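Two complexes are shown next, each including chain A; its partner changes from chain B in the first to chain C in the second.
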Partner chain A sequence: MDYLKQNFKKNKLAYILILPAIVAMLMIHFIPMAEGLYISLLKLNQYTLLKFLHAPFIGLENFYTILFDPSSTLRIGFMDAVRNTIIYTIATNLSVLIIGLWLAHVLKQQFIGRGIARTLLLLPWVVPSYVVGLLWGFMWRQDSGIINKILVDYLHILPNKPFWLIGPNVIIAIIIPTIWRSFPMTMIMLLAALQTISDDYYEAAEIDGATGWQKLIYVTLPFLKPVIGTLILFGMIGSIYSYNIVAMMFGNGAGYPGDWGDLVMTNISRNSFNMWQFGTGAAASVMLMIGVLALTGIWYKVFKDSLTMQ
Partner chain B sequence: MITDKVITQNVSKKYLNYRQKKKIKRYLSLTMLWIFIGITIFPLIWMVISSMSNQEGLLTGKIQPQLKNILINYHDMWTNINFGLYFKNSLIIDASTTIIALSIAVLAGYALARFKFIGSNLFGIATLGTQMIPGILFLLPLYLIFLQIQQTLGIKMVNTYHGIIITYSAFYIPFSIWILRGFFASIPLEIEEAARIDGCTQFSAFIRVILPLAIPGIIAAAIYIFLMAWDELLFAWVLTTSADVQTIPVGIRLFVGNYQNRYDLLMAASTVVTIPVALIFFLLQKYFISGMTAGAVKG
Partner chain C sequence: MYKKILVVLLVLMLALGSLTGCGSSSTQTNGGSNNQSKSTSSEKVTLQVWIMPNSAQSASDFLNVVKPFTDANQNIKIKVTVLDWGSAWTKITTAATSGVGPDVLQLGTTWVPAIASMGALEDLTDKVSDLGGASAFLPAAWNSTGIKDSGKTSAVPWFVDTRGIFYRTDVFEKAGIDPKQAFATWDSFLDAAKKINNMDINGQKIAAIGLPGKNDWNVVHNFASWIWGAGGDYLSPDDQHAVFNSQAALKGIDFYTGLALQGLVPKAVLEKNSTDVENLFAKGQFAMIFSGPWLVKNFSTPADKGGLSDTIAAKNYAVANLPEGPAGRFSFFGGSDLAIFKASTHKTEAYNLIKYLVTKEAQVNYAKVSGMLPALKEALDDPYITSDPHMAVFKEIAQYGRSYPAVPAWGQIENILLTHLGNVWDDVSGVKGPFNENMIVDEMNKAAEEVDGVLQQSK
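Let's turn to the complex of A and B:
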């Protein structure tokens, strides 16, 4: 008890300093989240909305509806969205890491125009993501879009103009802009980390006769593991919770790309706010959060050794 | 002797080959880099070119930038989209958010870097934990809480600047704390101790000595907060319904919904929206990059 008291007294200033942050996080994050958890157990829709937390309690029925109820339209849409989100998350993060690693590797060398190259490569990152959605939606258009013009009319890579914004291609139409927007940050982080690796290691590896790939696998990647860990965690969360690009690219702002490209976030927000299914929406969000927490747990297991907090 | 010569010749031949190979490889990788850069900046060039074209050209795909269209598009976007109002709202909301979130995060980041208090680990984990919560899970409860505050306390929260500002500030505090914590931790403890020997209290040492040293980190966090707030769509979409307080992303989304094919105006607006953040970023990129990477490299 004495120890506690002493510690508290000694660190009084610390508690005062973190108080505003705690209040803010409680107010906006944790209390509404707790209510959200509770709402996932309620029958909260347009009829019961005004009752809010006094809406009828139905236990896990919302979860059942989403996971198992074959008559529910929500279920089919949600499962599609989950599948798309998994594809989207893996594809974007993997591509971003590979592109970022390659660019960081090239930018590490000295060459004429290196500064300009770096600045130009950072450009996509400053473009607001809603502009990214709007701009790429404009470029993906089937008939008059510039991408089809380049692919079909100028370069003749494809025989005829595919639809990018309808059908199975939709997932490509949202993955590529996401990669475009996210690789600069990854590149710059990896570049900073690469520059901390001493050349001695590479020289030693070269004397031992290592090839380029071996140097990458046995020298570069182990050094980069902590940075890559951070990038994977935030990249993963970012793409699972990504909303803006899809919301702006499809349906003139309605944000419905169809079953082939609907993501979990756009799916839940549409069901919650356009169709007034707040209970099921909350239940879906809870499952989404559990999924992210589980992934974070796996992530922690994989990268535990390379995390050197403090 | 002869065999020696042969060996050295062979070696030098091999070596030359190796050097030539390396040179070719280098040119190849630089060529690929510049091709990639070309592809990367093309969408932005296309955005600007499109913003200089007229509507028919954009719809039929025959895009011809003309001076006349520049004048029309960059004039009409302010009137048709009501862009000026949204722009003003975004500036007010984002600037206030940046100031408030930054002040709170600076204090907490310092506490987390310097004190080993009971609950400091829990606090650190809780700040990271906020990043794992899907926004949609607390968006609706937040909206209903705002309505209840209005009913019970009579303070209007939905459709107000302060409602959005409070929400955004809380959003960007946690990650800013982590950026700043790294910076404060990298400032040697001795500097602070020297200040305290000279008669400063811990708090005044923090204000007078540590804060000025942490300015690069503070700038990095400020850029992070501003860019994130500039980019936020979902919460603004739900928490605001009248144009008086709506931000640019909401305004643009509404415009897309109402006038589907006015890409001439939309591309002009997109260009105008991108310029302020691009300017901020490229003027201050030194700080931002060091701020973001410091945390990542040190872990």
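Let's turn to the complex of A and C:
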């Protein structure tokens, strides 16, 4: 007790200064989160909406409906969305890391026009994701889109112009713009990290007769591990909660992106706000949150050492 | 010492800021108790009005239309907030749950039963005769003003959104087709479309029809006329079951999707939306499209004001009613209603504003800026409509109007249909392998099962 008192006295200013932040966090973050948790246990739909937090309490029924009830309208669509989100998350993050690392490596070299190249490569990052969705929506068009023009008319890679915005190809149409939008940030972070690696290590490796690959695997990657770890965490959370690009590409959220384009967030948003199924919507969000928490736990196990190394 | 004072001041400022934030909203809700008090003419009243982007300058257009009203009632000030259709659902439900919202709000016709069922709208039943009675409005528009069979009126029809055929007169002339005959029945319509398809117009091949597929905000509405025309419907007469998977309804869905399957609609159009289709029609890519009165307005607006009057279609077009199906002729009726928010503190003034908005004068003026059709029958006799050959056709189309069943669960039903009709378009465009008729049957059966579940839940 005494120790606490002394500690408080010593750090009084610090406590006072963080107090507003804590109060604000409580009000705008934790209280709504607790409300969301509670709503996931309620039968909150169009008919009970006015009762809001006094809607009938049904325990875990919302969770059961989404996971096991075969007659539920949510279940089929939700599983599609989960599958798409898994594919989307793995594909975007892996590609972004590889492209980012490669570009960072290229940009590390001294060459004329490096500054311009850096600036140009950063450009996709400053485009808001809503705009990315809108722009790529035009580019993916079957008849007039630039992508089919390049693939079919100029390069003759494909014999016929495929549809990108309808059918199973939709998943490609949402993955590629996401990669395009997110590689610059990864590139810059990795470039910064690469520049901190002293050339001595590479020299030493060369003397030992290491090949390019061996230098990458035994010198570069271990040094980059903390940065890569952080990037994976941000990238993973970002793509799981991804919404904007899909919403914009398919009729401004008006249309149904299809069973190969629906992500968990677009699915939840449609079910909650268009179908007025707030209870099940909250339940789905809670399940998603638990999933992300679990993934973060695994991530921490994997990267724990490299995070405390420095 | 100074540091301490500074800190205390900062904390105080933040705390006060959050307090005033809460304070202003609570006074607004508290005000709800004295809502019925009649205001004297000298009392200043600000009416909050929520509308959707109905016209190019939604807020100022609205204020211009109600100017005679505000001139006559100097004490009333109108504050317009323009919501977008995408977020309006959320904003309106938030307003309904919190009790803090506008005085007057625009509602899509299909939303009225749902929001009325939440108890968020003022009951207008005893005002109906004051507004000229239900018969003063187009019947299909009036259907949406309250929950079906409840005998209650919760909203007043404002304007109507309906569809007709826009066709190229030059193309029909060159093909030697009489439009009257072509748009008589489904069969003659199909024959005409086949004859026109791939015709050479000004050195370019023209497609017979343009229509959007799944990436559109009208996916469900686009099917309505065809389902009804084939003798199908959405719900059973007692509104307990979905019937859009019946033989008749499937016939209508088959006919509409068949236009694409028979090659009368270029496949590439199926990934586009209504606006894209209208623009492509304007540029001369199709001989026919299905669209509403706003396109007439668009075709007479010059390009520097965002219109399409310079395009080839604008100079060579006419409007026709949809062809008559095996079970009759029906035009889809959507549009918007006006309602008074239950928590409003100025209900008398709000009602007076609505009453003004459904006068002939305001109905015609608003139709002019929005490009929609007035909901008041009398307004359809105005020269703005009768003297314009294109708008006159819409007056005729309005006689065949039909709207969705006014059940509270319709919002959910429409979303289920949106998903499954979207899948139907995927099947039709062939992106999931070769098409066969059973794919449509399967989708509609699944949709019917889901809708039955939703109807079960609403009991």
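Keep in mind that, in the parts below, the second predicted complex is superposed on the first by the 305 of 310 C-alpha atoms of A that agree within 3 Å, B and C clash if a C-alpha of one lies under 4 Å from a C-alpha of the other, contacts with A are read in each partner's own complex, and residues count from 1 in each chain.
Just so it is clear, a contact is a pair of C-beta atoms (placed from the backbone, for glycine too) under 8 Å apart; a residue touches a chain by one contact, two chains touch by 3 or more.
Remember, it's a predicted structure, so these values are computed and weren't measured experimentally.
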item	value
First, second, both or neither for A:Q46, with chain B first and chain C second	second
Touched partner set for A:I166, first chain B, second chain C, both or neither	second
Which of chain B and chain C A:D143 touches, first, second, both or neither	both
Touching partner for A:V219 - first (chain B), second (chain C), both, neither	neither
Touched partner set for A:L13, first chain B, second chain C, both or neither	both
Touching partner for A:M25 - first (chain B), second (chain C), both, neither	first
Partner chain in contact with A:Y243 - chain B first, chain C second, else both or neither	first
Chain A residues touched - chain C or chain B, whichever exceeds	B
First (chain B), second (chain C), both or neither touched by A:G258	second
Which superposed partner A:V127 touches (first chain B, second chain C, both, neither)	first
On chain A, positions contacted by chain B and by chain C	13, 17, 20, 24, 27, 52, 143-144, 252-254, 273
Contact set on chain B toward chain A in their complex	26, 29-30, 32-34, 36-37, 40-41, 43-44, 46-47, 50, 58-61, 103-105, 107-108, 110-112, 114-118, 120, 123, 126-127, 130-142, 144-145, 148, 166-167, 169-171, 173-174, 177, 185, 202-203, 227, 230-231, 233-234, 238, 249, 252-254, 256-257, 260, 263, 266-267, 270, 273-274, 277-278, 281-282, 285, 289, 292-293, 295-299
Sites on chain A touched by chain C in the complex	13, 16-17, 19-20, 23-24, 27, 45-47, 49-50, 52, 71-73, 77, 141-144, 161, 163, 165-169, 250-256, 258-259, 270, 273-277
Residue ranges of chain A touching chain B (in the complex, touch as defined)	4, 7-8, 11, 13-15, 17-18, 20-22, 24-25, 27-33, 35-37, 39, 52, 103, 106-107, 109, 111, 117, 119-131, 134-136, 138-139, 143-146, 149, 180, 185, 188-189, 192-193, 196, 226-227, 230-231, 234, 237, 241, 243-244, 247-248, 252-254, 265, 268-269, 272-273, 278, 281-282, 285-286, 288-289, 292-293, 296, 306-310
Residues of chain C defined as touching chain A within the complex	3, 7, 10-11, 14-15, 18, 85-86, 89-90, 93, 96-97, 114, 117-120, 213-217, 219, 266-268, 270-273, 408-409, 411-412, 415-416, 418-419, 422-423, 425-426, 429, 431-432, 449-450, 453-454, 457-458
